[in-house]
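Please find the structures below.
Next come two complexes, and both contain chain A; in the first it sits with chain B, in the second with chain C.
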Partner chain A sequence: MTDLSRRSTVGLGLAAGAAALSSRRARAQTPSEVKIAMLVPLSGPWARQGILEQMGARLAIEDINAAGGIKSMGGARMKLIEYDTQDSSEKAKDAAQRMVAQEPDLVGGFGCWLSSFTLAATEVTERVSLPWLTLSYSDAITGRGFKHVFQSSPTADKQADELLPMIVELAGRARSGWKPTKFAYIGDNTASSVSFMKSIRGPAAAALGLTLVADEVYTPPLSDATTMIQHIRSTKPDFLGFQSTNVPDDKLLVDKFAEFNLKSDKLPKIGGGGHWAVPELLNVAGAENLEGILVALANWPGKRQADLEKRFMAKTGEPWFGHDSIFAYVHVMILKEALERTGVADRVKVSEAIHALDMTDGPALFFPDGTLKYDEKGRRVGAKLCVVQWRKGKPVPVYPPSIATSEVIWPKI
Partner chain B sequence: MRYGSAPRLKKDLITLGIVSVAYLAASAFVSNSYYQLIMTLVPIWALFGVSWNILSGYGGQLSFGHASFFGIGAYVVTLALVYWNLTPWFGIPLGMIVAAGAAILIGLPTFRLKGHYFALSMLAYPLAILYFLQYLGFQEMSLPMHRENPAAFLEFTNPHYYTLVGVVLLILGVFVSMLVENSRFGLALLSIRQNELAAEAAGIDTKLWKMRALVVSGMLAAAAGGFYACVLLVVTPDSVFGMLVSAQAVVVTLFGGVASIWGPVIGAAILVPLAESLNAELGNILPGIQGVVYGVAIIAIMLASPDGLFWTIRDKYFIPKPPAPLPRSLAANAPSIAQPAAAGSLLMKVEGLSKTFGGLRAVSGVTFDVRAGEILGIIGPNGAGKTTLFNLLNGVLSANEGTAVLGGQSMLGKKVHAVARMGVGRTFQVVRSFPRLPLLDNVIVGAYGAGFTDTDAIASAAHALERVGLSDQAGTPAGQLTNKQLRLMELARALAGAPRVLLLDETLAGLGRDECDDVLDVLQRLRTEGTTVVIIEHTMHAMMRIADRFVVLDHGRVLASGLPRDVVENRSVIEAYLGKKWAAKQDA
Partner chain C sequence: MDLEVLIENVLNALAAGITIGCIYGLMCIGLGLIFGIMKIVNFAQGELLMLGMFSSLYLVTGGGILAFMGPYIGPFVGALLAGPIVFAGGCLLHKFLIARVSGLRTAGSLDEGHFGQLIVTLGISLILQNGGLILFGSSPMTVRTPLASSAIEVGPIYGDATVFLNKARMISCAIAIIVAVSLYLVLEYTRMGKALRAAADNPTAATYMGIDTDKVYRLAFGLGCGITAIAGGLMATYLSFGPFVGLDYVIIMYSGVVLGGMGSILGAFWGGLTVGFVQQCSALILPPQLQNAAIFVVFLLIVLLRPQGLFGRSAERA
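Now for the complex of A and B:
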């Protein structure tokens, strides 16, 4: 044992020496380094989402540096500086403050997954003119007149407006022109759900010929869904929407519907938000009960990224490449593209370059709509919802056709 | 101002000036914006600690919910800026006004509670407000950014200015704290903290002073919170009303030193940078470890210095000089009672006074007179109702029946301090002193209670000390006095209010024979000076020496009253004290 450990110690020492040498050589070859920041929850209740972003971002950095870094800057390598928001918006803001103080030569960054954290952190980044990309949904993020914040997702309001027409379109496509007329919703009363439901209950549904026949609201955490599901069943909707906001509630709802023999082959269901397509939900709810559930999200890698997905899964051991990871990947790519165009590590120029982007290739292909252009508010023009469907324990992209690897399945009831 | 406060105030002001200038000079050299932010947070949390210290440090009213006022300050600034575009320069004062109103609303019901119950109820307010704000939809309020004229909206691109504003606010807070500490406000609070009943019996309106302390404290907390919002940029209910916010005020003050001006400042100056740097250095390596290290650091220091760093350091390295004796001239200008009653005239009349506790008639139909200039002894075996009688007379308990009139005014149905104001001085069976305060301050409390001006109060207290022969110990903390001196101190405190009548409850209890004689001499002297005394005692020989008349109580009733000689020969008195057998023996 001792012998072995001595040998391995020597080995470690040699390896370390070699690494030191090779890194010195690497530094000599490449002229400089460009730093970008990632500020996401790496501890606390949202850590899992942050780690998924971290995986995507690290892969992007590797890909860029392996391909020769930033060519317009003589092959400068990109470096990712990681910061943890922890578990509250003050701490997120605090981390942002620390980040801009400790890393004065940052040229851009992205984060912080949760809208509240992003709202707080961008108050800091905006004041130092640091270009900041985010996947967060809240309209408030780009509603404050900030110049250096870029929101790549469709905003929450836009998602709510788009959702019902999209569902009608999906149903029509799957069942050749058939139109649903009755639908039900079940959701919690958190701030984002309340604002989302306001739009769902509005006149848009009527314009599509839809009637909201059951509208169930609960206070999270959900303890029992029986009475709500009984009511929903009695109203016989054509489909059901979930506006839950966490995995435990999702699981309870899915289990309960299965218990009532209302799996998705009897009642089509659509959930909203990234938590409906994470491996954790599969672990607790099981493939059988999830089968057929549709999930509307702001981004998903599709057939265009089949190769990238394979590399991601091989490298990380994750069962699939999802919403959080692809956003981090594309945000690094956008920053790289802006740096290529400016040719200097200047954050204001990088911000201007992101504003000036208008692409349908390169990083644009990591979005379902295949376009990359931000408006004057910093919202991505053309950002659209996409849909994945649970099939045999895996979310499969089914909409829009640009990413779909399979057609949507809508049961005939 | 309190006696001897001028030099202390001067010294503290100089220290404050030097520390502030040094701090600002140091901050000018800090170019890292994150360290600058920490330098801004230090005065904010120090100010919050200073505010908590006024109510809970000096006044001893433990508040676990000071975040109420901090959060009100923060939310008023934020909402006023968002909805009315009101600059925080006005928003902060507005927040202070709102917090003052909130302090009154919170204080009115909560001061009915004492001790742990008070502390726990205070805890509830910020939690309730927190949920209320969430319900109203103010979960996340970001302070809008002003690109034009940012300084007018308390927004600076140069972070040094934030530190400057923070330090100026702290200077104002510390100055208020100095004024409080060195005035009757502070003395009233200190006496309430150390012994609320004694303070009340000395004539201090404890409820009023506590309320004043809460209002001042709430306003300072709101100023800290309002400015914190400007630094925070995004205000959430948790960040300003949360449990940890309330805890911050308690922690920095306990750590630095309770009931001292510098305690919260020292606490914040050490703990805030410690917590932030732990967060920055360890948080990324092992998330959550910073909280553990912080907690352990606090526990270690609290074990080493339970009163807070300030007191430990002061007691170790700055032993206070023994105070100079009081100048003799001080006592000469002592005020006296406006119209002393003529000797022998009726001063106090008690008729049919009764008190029951459930089925027990503790005091039952007690009637007696007190004449000006006499010493009336109230005697009786243990449990006869003597102390209950005093408690009825000075308002600690309310009577079920009967009347008690002092100089034409009823004594019943009044608060303890109001009875004291009528000219009733009281001492307690168990001495109720303010152990940390010097003897003179212990006595001055009584003079303040009578409503004297600062100079009159000091003169009156000095005079009272002279009368009981304790002038030389005027500067000694009460905690270092002997039992006899404590008895005399209590007597002096009662005398300092220039009372019309003194109620002395077992002043001789626990004293040796010689000590007893000394106290009796003092009482004799007081009588010759014309002071009226009602004294409870059960050592008969002592009473025989000084009392002019006796009232004997047994089982709550008056058994006998009259001249001492007549009373001690009364058969029923002998029976009550010594039993029927003894009385029979006497007869035989």
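Now for the complex of A and C:
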């Protein structure tokens, strides 16, 4: 072999080695799939809510991959890794620890539905800088100075501040200027309800000229509500708010009001939280007793999502696309948007990209206000309550106008 | 508060207390047979209540066996039929598991089998809860009847004061009383009842008298399971439930049995009735969130003042 050919051979070898190295680096930067996590209750008393989130998330993953994956990453496919919080905060935290240990290449995630589970799990995700999106309501979730937690719902305190003015506005709109003056509340003594009721009992009611004439607080689960409903009946309020936190209690309350001849045509009612608009409440309480009940919640698909709702219903067999499923869908879409912007599977960069989002299109359209921006605490700017009303066995969006498909009906008593 | 409202509040609370109390009473009789008479610490009693609820649900809706009876009669027939189904399950449970940690096998042992019973029944409870989750799912269920949300209105009694008697609970209450009285008569006046009481009092002496104590214990355990299941079926007509519902009622059952007097079937019924009554009527003077705390205040008072139970005598048997 001549000197020239030896030099050529060495050069070729070095070039091949460099090419191989750069190709390996390129592969590391643009993996063929990107993993995100879903940590929700898939067993235990809250499993149904987790399953509704799972359905929404799986549909989003299918939609993303069918549309060509993450384009800025060479069409990398998104993969959903599912973990079960089970039935307690301790188990939720254990599951989060297992999740971050077993899946070191996760770039983000969402969950855990129940605020107490989210509070526990985000202590783990924050330590490993994993961006975490949640629909949970508690103010504490984004009140601890965490950098990688993003709360898409209005917080519990904000919901409480918004609720009474919104009810007065809806009543006035439906009954041409009429203004309620007396209201009653019935709710349990769990952490979120206590926090919510603190604001309701505060000066907000007085500022609106409202008097709280009955304030019934019980310890769940409810075995009977006769004495509380009887007390509410005797105070003759203009409307009633529910701050229960589970379907069995909702059913018992709704049945009891019907028994006392106080269905929504006699006493307007507004429930708070996603559990007031789930199919299983319809199964246990029946369309007749739910008719007219208003439900205030953090998100609901409106007329903009009509096609998506049809696809969801056809795929899952669910009677509608609701609060829990749309949140899971939009959270996957937000993570996808952040990945498109960073172009790398790096969780810190994904977190920075979510902080930098300021959108009025794409995933923003899955929120009633049509905006997507998180503040420095991780709370979604502009997050507002929306309202659905039970009509003939189906929740119909009635507020805000951006999602409403019908006007609110307020009984003329 | 004006007199009219006060009268209405008190009468409605009394009506709710009595109707719910009678159903609790039946629930407590089931445990009274197992815990009060056989002295078996059964942590799975709440799950037997849950099995009664699901048995009734599937009889009425799942298999459609009772669908022809409609939503007014079917749910109550379903509740009654849940009894024999869970009775059979209880007998099998006793034969293969409970018998090994109770009865003659443990008579005279230091702990009388209580440690074994505790572990075995706790294990059964966990298996039934999680098995229920796999089989029935986590969505709340109910045995739908229009009677659950309608009432017989009595009055106006004084001014506009009206008493609302929930129809589903009234029927459930009547069935609970009939089942409780029938069981009392069977235990008091039949040969089987006497054999059961004899085996409970002194298993060794009963064996010498020719009583097959194993068989009698199995029967008693099955009866305890079946009676609680009937109560579960009745509750399923107005409550929604899931695989974990038993946890909410097991404490009420134990307090009812101890309150009424250990070893007395009638006492267990009265104990359950008292629990329901206190739970409802306490809300007249205390915040409703203290309803369950009120039960335990009364419970502790009775244990302090009358340790043998409210309606029992220390040596009384049913």
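Keep in mind that, in the parts below, the second predicted complex is superposed on the first by the 382 of 413 C-alpha atoms of A that agree within 3 Å, B and C clash if a C-alpha of one lies under 4 Å from a C-alpha of the other, contacts with A are read in each partner's own complex, and residues count from 1 in each chain.
In this text, a residue touches a chain if its C-beta (ideal position, glycine included) is under 8 Å from a C-beta of that chain, and two chains touch if they have at least 3 such contacts.
Given the structure is predicted, the values throughout are model-derived calculations rather than measurements.
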Chain C versus chain B on the shared chain A, clash or fit after superposition: fit
First, second, both or neither for A:48, with chain B first and chain C second: second
First, second, both or neither for A:227, with chain B first and chain C second: second
Touched partner set for A:286, first chain B, second chain C, both or neither: second
Partner chain(s) touched by A:248 [first = chain B, second = chain C, both, neither]: second
Which superposed partner A:219 touches (first chain B, second chain C, both, neither): second
First, second, both or neither for A:181, with chain B first and chain C second: neither
CA minimum distance (chain B, chain C), superposed complexes, angstrom: 6
Overlapping contact positions on chain A, where the chain C interface meets the chain B interface: 43-44, 47
Residues of chain A defined as touching chain C within the complex: 43-48, 51, 188-189, 216-219, 221, 223-224, 226-228, 230-231, 234, 246-248, 251-252, 254-256, 258-260, 280, 283-284, 286, 289
Complex contact set, residues of chain B against chain A: 32-37, 137, 139-140, 142-145, 157, 232-234, 236, 238-239, 276, 279-280, 283-284, 287-288
Complex contacts: residues of chain A adjacent to chain B: 42-44, 47, 82-84, 86, 88-91, 93-94, 97-98, 100-102, 116, 119-120, 123-124, 126-127, 140, 144-146, 191
Complex contacts: residues of chain C adjacent to chain A: 5, 8-9, 12-13, 15-16, 20, 133, 137-142, 144, 148-151, 164, 166, 238-242, 244, 248, 279-280, 283-284, 287-292
